[in-house]
Amino acid sequence: MTKKRVFNIEVLIPFIILAVMVVIFAVSTQGKLFTAASLRTLVKQTISLMIAGLGMLFVAAIGGCDITQGSLAGLCAAVTAFAATYSIPLAICLSILIGLVSGTFLGVVNAKFRVPSFMVSLAMMIGLRAMVSQVLGNNSVILPIPYLILDDFKVSVTVLLILIVVITYIFHYTAFGAGCQAIGENEKAVKFAGVHVDKFKIGAYAMSGLMTGIAAVFILARVGGSSNVIGLGFEMRIMMALYIGGVPVAGGFASKVYKVVVGAFIIQLLESGLLLSNVAGAMTQMIRGFVLLFVVFIMVRINKRARAAAGA
Amino acid sequence: MAEELLKITNLNKSFGMTHANNNICLTLEKGEIRCLAGENGSGKSTLTSIISGMQPFDDGSMVLNGKEYKPADPLEANARKVAMVVQELGVITALTGSMNIYLGQTDQFRRNGMVSTRAMGKAAEAIFDKWHIPKVPLGIPCAHLTMEQRKMVELARALDADPDLLILDEITQSLSHDTRKVIYELKDRFKQEGRSMIIISHDLEETVEISDSITILRDGEVVETVRSDGFTVDDLKQKMVGRKMEGDYYRTDTAPSYEESVLLDVKDLSLADGQLKNISLQLHKGEILGVCGLSDAGIHPLGSAIWGISDSKRSGLVKDGVTGKELKHPKDMIACGGSYLSKNRDEEGLMMEAEIRNNMYLPSMQELTGKMKFTSPAAVDRLAQKAYDDFDVKATSIHQPIGRLSGGNKQKINLGRWLVKDLNYIILDCPTRGVDVGVKAYIYSVLRKKKEEGVGILLITDELTEAIGMADRILVLKNGELAAEIERGEAFTESNIIEVMV
Amino acid sequence: MTKQQKSQVIFLAVFAAVLVICHLASKGIVLSGSNIVNVMLHAVFPMFAAWGMMFIFTGGLMDLSVGANLLLAGNVGALLANMGLGYAGLIIGAVVTAVLATQFTAHCAITFDIPAWVAGLGGALILEAILAQWANVMAASSNTLPALKNYRGLGKTPGAFILMAVGFVVAFLIFNKTSLGINLQAVGANPTVSKTMGINVRKTIILSTIIGGVFIGISGVNDISLAGKLSAITGLNSLGTISKALSATLLANSLINIFTKPVGIVISSVIVALLFNVLTIFGVPSGTWQNVCLGLLIILCGVLSHLNEKGVVK
Amino acid sequence: MKKQIVSAAIAAVMTVAIAGSSVMAADHKVGYNYLGAGAYSLSMLANNEKKVSDVLGQESLAVDDQFSVEQMVSDIENMINSGCDGVAAWLISDALCQQVSILCQNNGTYFALADKVATDEGVISLLKGNEYFAGACGPANEIYGSQLAEYALEQGWKTCIITSSAVGDATDTPRLEAFKSVFEAGGGEIVDELHADQQQDALPQIQDSLTAHGEVDVIYGTGSDYGVYACTALEDYPSFGTKVVTSGLDEAALELLNDENSPMAMVTGDCWMSGFFAAVFLQNALEGNTLKDADGKPIWIDDVQPFEVTPEKYPLYKKYFLDEFAYTDDEIKAMIGASYDEIVTIVHDYNLDNRLMAKYEAGIISADEMKEAGYEVG
C-alpha cells in the first residue's frame, strides 16, 4: 500500500498561481517587475500585509472572523506615533500591547460571552476607528528619523523572516497551533478531547491583535508619521491574501503559514504588476476582483476532486 | 390472508465498506403493525430511511400496493402515502409549528400569493383533531416548544400525508407516559383502518407489546420475522443477539474481579438543571463499571459531567483516586490518566474532514509537547501510526481524511487514539454504537485486555446486554438519581436491571 | 399571553422608558414631532439595506458586496431618471442593477462553489471598480456621476415613509407569509431538514437573493434620493456605506427571540438612527465618541442576547 | 483537461490585454496618484495634473491609492519602478512628504507636491534641500476658511454649524480651524462641529444637529460635497432661513448657488488648479529647468487663492474652466521653460477674472458673453 499524501496538488496550487502570475507580469511589464529594485519594493510592500496575515491565520484557522485589523492598526499607529517622540522602544511595545489587548478583548467576548466574532469585530472596527480620530484629533506627528530604520529593507525583511519562523513554529509545531486548526475542524470534538477551547480561541484572537500591533509598527515606519486613515481597508486586503493563498474560510488543518506568505505575494504582485503594466486606476481593482474569484474557484474545484479521489 | 402493502426483495445498501443493508426481504400486510428490532448498527434506520425516500438503495426492489416503489425523495414517498418520523431530524426552531408541518408544501395554502397562516393553522389543527394527538401551540416559533411538543409537530407532519404506511423511528423514547398512550391509540386506529406502521423502539417490552409482528435484523441482514403473539422479550433478545452470545464476545466469568484501590471517586455529583442528582460512585482498578438507565435517566450527562463538560453548572466532587486531586476540567483528568469517549462520535469525537493522523493526535497534544512547547510532526506521525496499526484501522494511510470511513473504523480511531496512551481509567459512552459486529467484538476484547492491565472502565451503555456481558458492577440510574447498584453474579440479569430502570 | 409577547411588551416598555428619559433630559427635543420625523427618515436607508441583507444572508450567503451594490444601483437609477425616465427609470434602473449584482455573487457562491464570503469580497471589488471607472470617465470630461435633482420624493416625507411602509409590508409578507420566505428560513436554519422536506435549496437561495437585490436597489434609490448623489468608493471601503445597516442587522439578530427579523430590523434601524440623533442632541462629538457608542451598543446587545448560548459560536 | 485549457486561455488573454495596454514611452513619463477613485475633487485634481502631460504629448500614469495611506507609499514606489521620470504626489500628511522625499532622492526621481503641501518646518527644509524636488503647489487652505468666515460675519450671521470630513483631514482641518478662529473672533458662535467618516453620513448628522440646535444663521461645509449635503439637509427645514457657504467649485454646488431657492450663499475655490501647477513645476524640472527662487530653493507656493464664482459668472466658469481648460494649450506649452518669477506671477495671477479676461483678450470669449457676466469690456 502506498503511503501517498492526498493533498499534494492542494499544496502546489498557490505556487502554481504565483508562477502563472509571475510569467504574465514578466511579459506585460517587459521585465520591469523583476529588476532588483522592483523586487525589493515588492517585498517591502508585502511586509505589513504578511505580518498581520500571519496573525489572522490563527483566527482563520479556528473558523472565526476578525475584521478589526484595519482600525486596530490605525489606533496602534496613532498611539505609537505619539509615543515615538519620547522613546522608540516604548512606542513599539505600546503598539504591540494595544494590539494584544484589543485581540484579547475580542477573544474574550467571543469565547466567554459567546457573541459571534463577526458581530464583535464589526463593532470594534467601528469603535476603534473612532478612537483613532479621538487620539489624533487635528494633530499630526512626524516620526523621528531613527524610527525610520524600521522601513529599511534589510531590517524589515529580517524581522519578517524571524516572524515567519516564529509563527511557523507556533502554528505548525506546537499544541496551540494544532489546537486552533482542530477547533476549525470541529470545535466540539476538541472540547471533548479535553482541550481548553476557550483559552485557545482567546489565544488565536490575541495572536491576531498582537501581530496587527507589530504590523502597525511597520506601517507607521512606511508612512513616516501619524495619519487618521492608516489601516483603512487593511482587514480586507489581509483576508484576500489569505483566501487567494488557499486558507479555507471555514478554517481547519488546511490553514498553512506558507499559504499566507504566498497569498500576500500574489495580492501585492497583482497590484504592483498591474501598475507596472500601466494598467491603472479602477481597472486594476476590477481585475483583482476577477482574479480573486477565479483563483478561489480553481482551488475549490481541485480540492474537491482531490478529496473525492481520497474517498472522503 | 390480508392484502400485501409493501414487499421488499433483496434490497442492498452499503456505505463505503459497510454493508448497512444486505439482501433485505420483507413483506408488510395492510393493517399490520411491524416492529423492527436489532441492536445498534443492525441496519434498522438505514432500511426505514430507504423506505421513506430519504436515501436511495443500491439494488433490489420495493413494491408498494402492487406497483414498483423507488422514491427519489420523501415527497415522492408521501405521494405514495408513506411517511416517517425521523429519529434525529427535528424541527426548524425559527418557524412555527404549522410551518414546520407543511414545510416544503406551503404552496397549497396560497391565497393571492401569500401563504395563509390561518388556513395553514386550521389544516394543521385538523391533523391533530383527526388523529387525536395532544394539541400544541402551532402559531409560535418552535423554539418555544418542549421536546415532546416538537415531536408531536413532527408526527403531525408525517400524518399529513394521510399515510398508508407510517414509520416511527425511536419516537417513544422521548415521550412521557401519557403521550406514549396516544401513540398506542394511533396504532390501534391504523390497524382498524387497514393502514400499516413500521416502528423502531429500543424498549423491547414495548416492541413485543404493540406489534403484530417483529422483523429482527442483525448486521444488516434480516434474521427472522416472527408473529408477536406468544413471543417473549427473552426470545426476542436471543434472536437479536443470536450467535453473538457465543464465543468470547462477552465475559464468561460470573463473579466481579477488580482490585481494592479506587481510581476515580465521585461524590454527590449534581447538575443544576436536574439531569443528575447527588450521584456518588467509585471506580476501582481493573473494574468495568456499567451504567444503565432509560434514555432520560441521565446516564449520558453523567459521563460528560464526570469528564468536566456539562451544559449546566456541576456541583459535587470528582476526585482522582490515586493522587487525590480534584478534577474540574477534562485537562485535570487527562493529567491523571483519564479519558472520555462521547456517545456522539461524529459531533463530539472526530473531526470528519481532517486526516486520521490529526484525529489521532488530538488527545495526546499535551504529552507530545516537548521543550519550548515543541511538538515534533514525526512524533505525531509515529503515535498516529502506532494507534493506526494497533487498532487495525482500514484506510489508505494515516493521511486519509476520516470522511466516510465505516462507523467501525471511525470508532477504532476514536477509541484507539485514547488507548495508545497510558491510561488509568476511561469513561466510555456507548462505545459500540453504530459499529458492526466484528468491530464490536474487537472493542470488547480490547476492553477486557485493558481491564486486565488494571485500567478502570466506566461503561455507559444503552444496551443492557453489553453491560451485563462486560461489567463487574452495574449502576442503574433513574431520573438522574442512582437507583441501584448490582454486582456481577446471580442478580446480574436483565429483568433485575429493567425492574429498577422503569 | 405567550412568552414571546411578554418579552415584546417588556422590550418596548424599556425602549419607551429610555426614550422618555432622553426626551426629558434633552428638554423636550428627542420626542418632538419634527425630530421623530427626522429620525425615521434617517432609518429608512439602513432599514432597506438590512431587509435586503436579511434576504441574502438568511440563506447562508454572507455577501459583503451589498454596499458597493447599492451605490452602483443608486447611480444607475439616477442616470435613467435624469435621462427623462423619471421615477420609473430611477426605480427600475436601480432595482435591475442591484438584482444583477446580487445574482453575480450568488451564482459565484452557489453555482461555482466559491465560499460566499470570498464571492462577496470579489463582487465588492468588481462593483466598486465599475462605479469608480464610471466616475473616472465622467471626471475626465469634468463631469460627475449623475446627481439626482428631481424625482427625490422617495427620500423625503411623505415619499420615504410610504416607501418604508410598503417595504415593511412586502418584506414581512415575503419573509413570513410566503412559501419562499418560510423555505428560506428553513434552509438557513437547517439545509438537511429542508432538503429532506423537499425544498429546492438552490432555487430558494437564488430567488431570495433576487428579492434581496430588489431591496438593495430600493435602498440605493432611497439613499440617492435623500442625499442627491452617491460618490464612488474604492478599496473595499464601500463596506462603510452599510455599516449602519450591518449594525441594524446584527442588532435585529440579537432580538430574534423577541421579534421576527423584518420587525426586528425596523426596530434596530430606528435604534441606530436614534443613537446618533440623541448623541448629537446631547452634544457628543460626531466621528469619534458617537461611533464608539455604536460599537459598545452592538457588543452589549451581542452579550445580552447570547447569555444562554450553549452551542458552538464562530 | 478542459479546465486546464480554459485556465490557460484566460491567462493568455490576460497577458495580451495587459501587455497591449502598455504604451511605448515618450520622453518623460509622469506618474500621479490620487487618494481614491470616485470623489469629484480628487478626480479633478488628477485630471488637471494629467492635462500638462497630455498637452505636451507625454505619457502619464494615474494611480488610485484606494483611500489607503500605506498604498500611497507603495503606489509611489511602483510608479518609480515602472519607469516614471517624475511623480506628482498627492500626499496625505507631512510625514509622507518626508518619506517620499527620501524615496525619490534615493531613486533619483523628480517629484512635486500637488494640492497637499507640507506645513512642518523640518519637512519643508528637507524637501527644499532635495535636488529632485521640483516644487510644491497647494491652495491657501487657511484663506479658504477665513475668507468664508469674514463673509459670514459681514452678512451679520452669528451662529454656525460646521460640517466636515473625518477628524484630522489634512485639507479640511486648516480650513475648519481658520474659519472657526475668524468667526469666533468676530463674535460668532460655532454651535456644532460635525465630522462624517462616510461622506453620506453628513446628511443625517446635519439634520440631527439642526434638530438639536434649532435654526442657525449659516452652515459651513469645508468641502463642496458637505456644502451640497447641507443644502439638501435644509430642504427638510423649509421654515429655516439658514444659509450655506462652502468651498469647491463643482457643478453641483454652483448650480445650487444659481438656484434662487437654494440656501447656498457663497462658493469659493480654485478649481483644483494646484495639481496643474505642480505638474508644470515637475515638467520644468524634467526639462532641466528646476524652478528655483533667488536663494536657490525650489519653488514653493502654498497660497493659491480661492475665488468666488457668482451666479452671473457661472456660465463662463462652466464653459471655460470646466468644459475647456483654464489655460490654452499654447499657454501651457509656454510655461515649460519659463523662469521662476514668470511662473510665480502666473500662479498668483490665477483667478477667475484674470483668466476670463485673458481668454477674452485672446479672442476666445466674445464681448457679449463677458458683458453678460458683468464684466465691463469693449
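A, B, C and D label the chains in the order they appear, each numbered from 1.
Note that in this section contacts are C-beta pairs under 8 Å (C-beta built on N, C-alpha and C of every residue); 3 or more make two chains touch, one makes a residue touch a chain.
Small disclaimer: the values here were computed from a predicted structure and weren't measured.
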Label of the chain whose CA centroid is most distant from the centroid of subunit D: B
Could you state the distance in Å from the CA-based centre of subunit A to that of subunit C? 29
When the C-alpha atoms of subunit B and subunit D are each averaged to a single point, how far apart are the two points in Å? 72
Need the CA-centroid distance for the pair subunit C / subunit D, whole Å please. 34
Any idea how many Å lie between the Cα centroids of subunit A and subunit D? 34
Subunit B: positions in contact with at least two other chains: none
Where subunit C touches two or more other chains, by residue: 129, 132-133, 136, 234-237, 243, 287-288, 291
Residues in subunit A with touches to at least two other chains are numbered 129-130, 133-134, 188, 232-233, 281-282, 285, 301
Are the chains arranged, by touching, as a line, ring, star, complete graph, or other? other
Would you please name all pairs of chains that touch? A-B, A-C, A-D, B-C, C-D
In the complex, go through subunit C and note every residue touching subunit B. 2-4, 173, 177-179, 182-183, 185-186, 188-190, 192-194, 196-199, 256-257, 310
Name, in rising order, each residue of subunit A that touches subunit B in their complex. 1-6, 169, 172-176, 178-179, 181-182, 185-186, 188-196, 252-253, 307, 310-312
Could you pull out which subunit D residues touch subunit C in their complex? 36-40, 43-44, 46-47, 64-68, 71, 166-167, 192-200, 203-205, 207-209, 211-212, 225, 228-229, 232, 235-236, 250-252, 322-323
Which residues of subunit B touch subunit C once you look at their complex with the stated criterion? 54, 73-75, 86, 89-95, 99, 103-107, 110, 113-115, 117, 137, 140-141, 143-144, 311
Listed in rising order, the residues of subunit A that touch subunit C in the complex are 62-65, 109-110, 113-120, 122-131, 133-134, 187-188, 232-233, 236-237, 239-240, 243, 248-250, 281-283, 285-286, 288-290, 292-293, 296-297, 300-301, 304
